[in-house]
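Structures follow.
Next, two complexes with chain A in common: one pairs it with chain B, the other with chain C.
After this line comes the complex of A and B, so read on.
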């Protein structure tokens, strides 16, 4: 089972705070996810190298400018920002 | 005890593409904040990044110019970290299979600074700090970067400086970046360690982040070297950590130690497909590359007999070197053109930034015409220099400032007459010359040159004077 330390490390990297109860729940949930994904390992797959899953490559875009979004639109979800910027208040 | 300094550089070069790396927003410096943005470069869920073909082309150009191999198969990866400059909480970069590997830059000493690899990635947003609060501008988010990573081959701050200056020069020549430190279009992370002189074992390293000035970078390297040596000499250990350079005090301070070293959990970005290149494509791009500065420098010194000092000044900026090339077309002695550029033109230019732009009124064709007249003997060097000052001020051709009669030169009989007059009116100078004072002849020569108003050929006049005095 995934350890308590591993969960705390991931939480720390993701800047998340977890209380005791949540840590235990997440251990169980992550475990079931990992076990689910691990089922792939039980397959007897003979393929030497997994090909590109969609069988496509080189999906490029030409270097041509398309008009960007207006500043108001960009900042709409953050109450308009401040002086055209996203604004982050100093945490105490 | 003596120590060897060991330095490796990771240099981020911002590319001059029209658009960002994964979306079609303009890649432009100095716009109003958050005006070159869209849901892709803001990292909104459900958006799909699509790689700009030009970024790949630029990476291939850089690979060729830096003597690298191009990986025919490369992939994009996610580098995970949480910080306000990156709204997706991951940066799209290349970790497992970067686009170029195994190159080098050769220093003037002949030493090769090996390049481990070059990878493509997106830049993060710009953070502005005011009164402890943070303001975020995503215009820079998604701007394409090449990160050029060296092996730890650099052994002094001078070598680090030369490496960076060469890298800047090459990137500018091939047109992939303007490498302006002050605008942040080239930035360096510096890895520093020291080891006992001659030892094979590398010491513990520290990394100084985000150097955006060559001068401060060299100071930071020297400071960090001394700090490491002091620690070792006093029996302490160098702690592996990330440092920040403080300009005001010329010192470094710790940003974070190894204990909370970043765990980026790199993995393949499932939104982006493989990049598969062919040798034919690479060859085609190779043909579009201009002659590189090292090659030009050698040609100027070896074939055109220009001094190493002047050749270095000419190749330093591509615009200057291109101007020289264009102004030298079909001339017998291109060195004359070099002298006018390094002498008269550079004297009118004050800053390095202006030299880099090299926007001057006189066209290379006009300089070419003037030097052509010198070579055909129609114009003396003296007159040419005077005319050229006026050309540089006005942008007008040489024919505006020298008349037909100036260019026809002075008939030999008139020169002879002037020489005789000079000899008669300067008996003392003649006496001095005859008693072995070679310099005395210069006084006579100067007198005749004044008579000709600079149109005379000094060599011919000098010969004539010697002949008459004997």
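After this line comes the complex of A and C, so read on.
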């Protein structure tokens, strides 16, 4: 089974806090999910000559300056921000 | 107001142009029915905007101006499709209060055609789920049996269309999220080819899988909506210009001589009633002159683990943007920015979302990247190659949409991976990037709808809609049952 340390490392990478109960549940669930993912290990994937999946070439536009969204509109989603910036409390 | 057969769009268009009802009256009727309903299909209502849009349409009609086919049609959007100034939260606590400052292109296109947006509909949080039970707004209920799930993740949209609380809906489909709820709710759902419809403004779950598409009463309605939302958008560099004319112009084509492939692997472990219902549909197609042939597509079997590895990896990076800094929920007390982000995310995301982020970071982390992520990417190409090869032989495939019908809500159905198996029939389509449509094809012994799925090569939407429409006509819409709820036209 995936170790407690590994779960904590993943939680750290994912910026998530897990409580004790969650850690144990995740260990069990991750185990079944990893076994499920392991189903592909036995398969041979010869794909060097195959095309990319969504074989779409990027459709670039001309690099022209277009009007962007107003700062104050964007900041409405965080109570207006402060002096045109996103604002969070200062660390102690 | 009964104009006979199913299909809402042309019916409403006729009612409006014949002045049998005003758009405002009609919109008010939908709003009243939504308020009375206990389906929990809607998570936010837009009454004022809807009535304003309706008044504009009425004004046009009173002036004797011609209106477009989608003009004045009351509809709904999934809660992950951005709407300017209207809360769009993917049914997640982490996006509570978020009001986009721009419209998703698909919505912008419909709005420009005069669509009347009634509200936003329920979904599994960030589209992660197959039952619409992972929603911070509570589950949506299946109008055919309220004790059962709607399917997911676009469960609210499917419930709204099936329960006659909207003429049509836009959903999104990453691994079946349009088709499976459409199947569970007895309506039509189209997942277009990757790149057909702009994803601009669709809040990303797995960017190389996600696609916006219509949920509608009939294939004809779905064709009208698809034609209105497809096409290249300079704001989505993966969107493409569609060759050929509107799919609507093709729906009445004869399907005599059509080659329908039946990939055997799709029928393994499928419920007997579902199977026999699709076999009946095969007979209908044969009577229309199509040729049915069984064949083997063994690659389907490993497309599900490939799908889950890749979508979790993409989700882990896409959902990294929810950090509490720029929008949505932010935790109350924290001592530094790291704690602020961790607490915000831990409090804001639900269990299934956390699970997928953790698995995604696992398959992307060094030591596992080659064994899982890269291997899955390679196999994705192998699977796509197998599908493309088969489409050289067949015009379309016919499969079940789901191995079973709508299941009971609120029950534990085993481990997450056992639940993931529910996507076995739908996920390969997104893995390969092709289009797929779910069409109602019967009812089981509990009177629950059964859906069949028609798949085609990339950009074959017109063909799929044609094949679906011909079936609906041949069966006289007997499987697109109109429920005695909501606004009956």
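The rule we apply is simple: the second predicted complex is superposed on the first by the 73 of 92 C-alpha atoms of A that agree within 3 Å, B and C clash if a C-alpha of one lies under 4 Å from a C-alpha of the other, contacts with A are read in each partner's own complex, and residues count from 1 in each chain.
Operating definition for what follows: contacts are C-beta pairs under 8 Å (C-beta built on N, C-alpha and C of every residue); 3 or more make two chains touch, one makes a residue touch a chain.
Bear in mind the structure is a predicted one, so any value in this text is a computation, not a measurement.
Using the contact criterion defined above for the overlaid structures, shared-chain residue A:15 touches chain B and also reaches chain C. Contact with both chain B and chain C is seen for A:61 once the two complexes are overlaid on the shared chain. Contacts of A:36 after superposition: chain C is touched, whereas chain B is not reached. In the superposition on chain A, contact of A:69 is made with both chain B and chain C. Note on chain A: of its two partners chain C and chain B, the one contacting more of its residues is C. Look at A:83: by the touch rule set out above, it reaches chain B but stays clear of chain C. Overlap of the chain B and chain C interfaces on chain A comprises residues 13-15, 52, 54, 56, 58-61, 69, 74, 86, 88-89.
Taken together, the chain A residues at the contact with chain C in this complex read 7, 10-11, 13-18, 22, 26, 28-30, 32-41, 43, 45-47, 50-54, 56, 58-61, 69, 73-74, 76-78, 86, 88-89, 91-92. Residues of chain C that touch chain A in their complex: 97-99, 101-102, 194-195, 208, 232, 234, 237-240, 302, 305-306, 308-309, 316, 320, 323-328, 330, 334-338, 340-343, 345-346, 349, 354-355, 357-359, 361-363, 365, 371-372, 375-376, 378-382, 384-385, 415-417, 420, 432-433.
Those residues of chain A whose C-beta lies close enough to touch chain B in the complex are 9, 13-15, 52, 54, 56-66, 68-71, 74-75, 81-90.
Against chain A, the residues of chain B that register as touching in their complex are 17-19, 24-26, 32-39, 42, 50-54, 56, 80-82, 84, 89, 128, 131-138, 263, 265, 272-276.
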